[in-house]
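Listed after this line are the structures, all set down as structure tokens.
In the two complexes that follow, subunit A is the common piece, with subunit B as its partner first and subunit C second.
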Partner chain A sequence: MIPPAETVHWLFATGFLVLGLCQLGETLVGSTVWERRRWRAYLWPATAFGMGLFMWPVMVFFTSSTLHMLAHGAWAQAMMLAGAAELGRVRGKLKDPRWELTVALALFVSGGALLVHEQNSWLFSRAAFLHHAIGWTAIAGSLFPLVRAFRPGSAPLRAGFAATMLAVAVLLYCDRSFAPIFGHLSQLAR
Partner chain B sequence: MSTQALPDLERSRRSPAVVAVSLIGPLTVVAGGVWAFVQPYRLTFLDPAGHGFWSLAVEPPLLVVLVGVLFHLVVAPGIVEDVAAAEAETDP
Partner chain C sequence: MRRLLGIGLVALTCLALPGSAWAHATLKRTSPDYRQQLERTPARVTLEFDQQVMVMPKSIQVFSATGRLLSLQPRLGKDPRVLEAPVRRLPRGAYTVRWQALSADGHVVSGVFTFGVRAPAPPPSEAYGAKGPTLRDHLVRWAYFVSLALLLGGLAFRLLVVRGNVSPAYERRFYRMAGIGVVATLEVGIVAFLLRAEDALQLPFERLLYGNLAAIANGTRFGLAFIAMTLGFAVVAALLFLGWLTDRRELLWAALLVGIGFASGLSLSGHSAVDAGSSWASELADWIHLTAGTIWLGSVVSLAVCVWPVAPELRREAFLRFSRLAIVLIALIVGAGIYLSVLRLPAVSDLWTAGYGRVLLVKLALVCLALAWGAIHHFVVRPLLERGPAPAGLVRSLAGEGAVGIAILLAAAILVDSQPPPAAPRSPAQAAQTP
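So, the complex of A and B:
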């Protein structure tokens, strides 16, 4: 009853789509209006924390290599840390804007985990290509929360973060367990 | 409800930010619909034979449509009211 890897990627893509739309909405109306309803303020940190939680079963059941297990475990911890820190900020327990650095860390660790556990080259298969593309997108996207930790309230930086989430969602939705990329599919993948 | 609340709500409905937020859900639904149209084979329920549980339960274009619908029905309406309330407070 374990889902195929592509199904897991699509479910996480849906999580990233929710994160991206929330960030986009907050960018458009501003944090003051967005946080007028408490449940709305909790929406994206809770989603991020939940995605971190769901990464644990992925770590447990998709143990194709030790590297996979370690990468998924690190990813789960980083996502939960970022979600928890943002929940703390929304609740008012954490006041320092530099807690945003946990989001940058989560994205950087996520990107690193994706790159590290993909041992094949870009054009090995579509899955390999997407692991590389998502990894570098996440690492580049980590710059937005990194800078925002020192420039809180910057709408362009929030927009950039939203775009990163949406880009990751699109890339994850493109994933297939067995498919070529730009006409390339390694003989080893067949 | 105050008598001023309804005109405020109507005015705020036309603000660019509110229009943009109101479009997020429908545009997401359209994106999922276009994807389903371009790649109908991603909708396994159209040809369920030979597909397992997960293939039938998790169909990406439908997930995109679902997220768009939920955003439009659950998140967007409250934002329109809150923009109106915020504008009423800053510009009484």
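So, the complex of A and C:
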């Protein structure tokens, strides 16, 4: 009844793909054009919020270890918080630009939780490699919204954030249970 | 700033370290299965992991209900991912399997599950070795009740008492209170589940991190309630947020109804669902008792925290409307409470002879105090308010009533974690009359 972990990863990869494409689209055409249709401004924060909401079932159904459960809970809350803060800003309920920091915080916390919950080494298996890679990508990527909180209009920072989301999406799509990475798979995982 | 940078660097270094050979195994399946009822003694107990593990002296231990060890030396199976231990002949009864395996990284992964031989298996929370609730469990459950009160009471007060448009200051306070309530409900729920898992697994914290929780999450009423309530209150959090974002009151109604609905998880997994004499009526009574109690307390807190300090224009109307609502809530609390007390205490003397009864006595004393306080508000303050301005010190009086309500929730938390006295055995004559 519970889908394999890799299937869940692909579903969330699709969410990150949407997030990245929205950010990329806004970077390419500029915020003025992007927000000419009002709903577009809500697109990526609503997607992030929804992904956070859908992470809760992952938390309660994947309880193979306490560490996994807590990590999934951290992602659920981080994504909901980031999405909610951005929705509040778009709607005009939150005026302070420092609310942008919640996106940076969410990425940092998510990356940290990924690294802590993946107890295998980089080359243990493909899933382990991807967890490490996504964790560090998220931590590095958190710098883009962090700086953007102080330089709101910067297109390169938005592009960097979009690239982070797209990279996370690609990495998640690559996930397979117990697949080799660069031709290597630990004996323990065979 | 330097200090912050230093902390950041240390944190990054720690994250980089999860090391060159850290690898911990996950249990894929067991034989017998979780809580499986077998018709005959199994030849062995086997555990299958997702990767190779190393055997330890206590990798698989099978205990009887009295704690007798019935398993022999564990060993690796033909497949190095499988651990197995032969077992002696098992008589009819319930059995606990405590397992642990050494992963390649040196971390020990652990877990517990139960099975029965020609008898039903108990939930893992009642496995041999589990000690039952402690002070920490009482405090966590208390925090859960208070969180529910802030959430459900705040919402109900906003929708049933302060119905129309309100000042932005009140609205901000209301959303803060309900927001704290829903976040705390989720967080405290996770802590409560982990405490229960820790008790069942009997592991120190560092090993609990690698403990397998699946048997507790999927094999106990408490675990199923945790799953349902976590999902339900995540939806409530989303509805509450969307209500704030869009200023749509219908979403708050949806949040309140979903919240009340999922609060039933406590009633469906507690005494009212599993003890002798429990039925759908006891579950319903427990749910009504809990819901009415949390709404009453949350409403008192709303009056003291949201209305009085920042919305003087609402004070009179809110107090008078809440007085009417409180009568209904108190009737529900008292009616359901009396029914449940009669059900759980077979004899009146249990009130002072049994531990459960003594805690109930303390709770009843606190309820009487709260009722008296409420009566003063209803019969003395209310007529004064109808005639003129609010009497001085009313907000302190409301805060006092709220504090008593919070103390009642502590007594309720201890009651929920306590075992009611067993029903007295029937006399032979009574037994003979019953088919």
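Quick notes
Note that in this section the second predicted complex is superposed on the first by the 190 of 190 C-alpha atoms of A that agree within 3 Å, B and C clash if a C-alpha of one lies under 4 Å from a C-alpha of the other, contacts with A are read in each partner's own complex, and residues count from 1 in each chain.
To be clear about the criterion, a contact is a pair of C-beta atoms (placed from the backbone, for glycine too) under 8 Å apart; a residue touches a chain by one contact, two chains touch by 3 or more.
All values reported here derive from a predicted model rather than from experimental measurement.
Contact with subunit C, but none with subunit B, is seen for A:76 once the two complexes are overlaid on the shared chain.
By the touch criterion defined above, A:40 reaches subunit B but does not reach subunit C. Judged by the touch definition given at the top, the superposed model places A:173 against subunit B, while subunit C stays out of reach.
In the superposition on chain A, contact of A:18 is made with subunit B only, not with subunit C.
By the touch criterion defined above, A:4 lies against subunit B but remains apart from subunit C after alignment on the C-alpha atoms of chain A.
When the two structures are aligned on the shared chain, A:163 is found in touch with neither subunit B nor subunit C.
Counted by residues of subunit A touched, the larger count belongs to C, out of subunit B and subunit C.
Contact with neither subunit B nor subunit C is seen for A:140 once the two complexes are overlaid on the shared chain. Across the interface of their complex, subunit A is touched by residues 17-18, 20-21, 24, 28, 53-55, 58, 60, 63-64, 66-67, 71, 75-76, 78-79, 82-83, 85-86 of subunit B. Residues 49, 53, 56-57, 59-61, 63-67, 69-70, 73, 76-77, 80, 84, 87-88, 91, 93, 111-112, 115-116, 118-121, 124, 135, 139, 178, 186-190 of subunit A are the ones that touch subunit C when the two sit in their complex. Residues of subunit A touching subunit B in their complex: 1, 3-4, 7, 10-11, 13-14, 17-18, 21-22, 24-25, 28-30, 32-34, 36-37, 40, 43, 173. Interface of subunit C with subunit A (complex): residues 11-12, 15-16, 18-24, 26-27, 50-52, 104-105, 107, 109, 186, 190, 194, 197, 208-214, 216-218, 226-227, 230-231, 234-235, 237-238, 241, 244-246.
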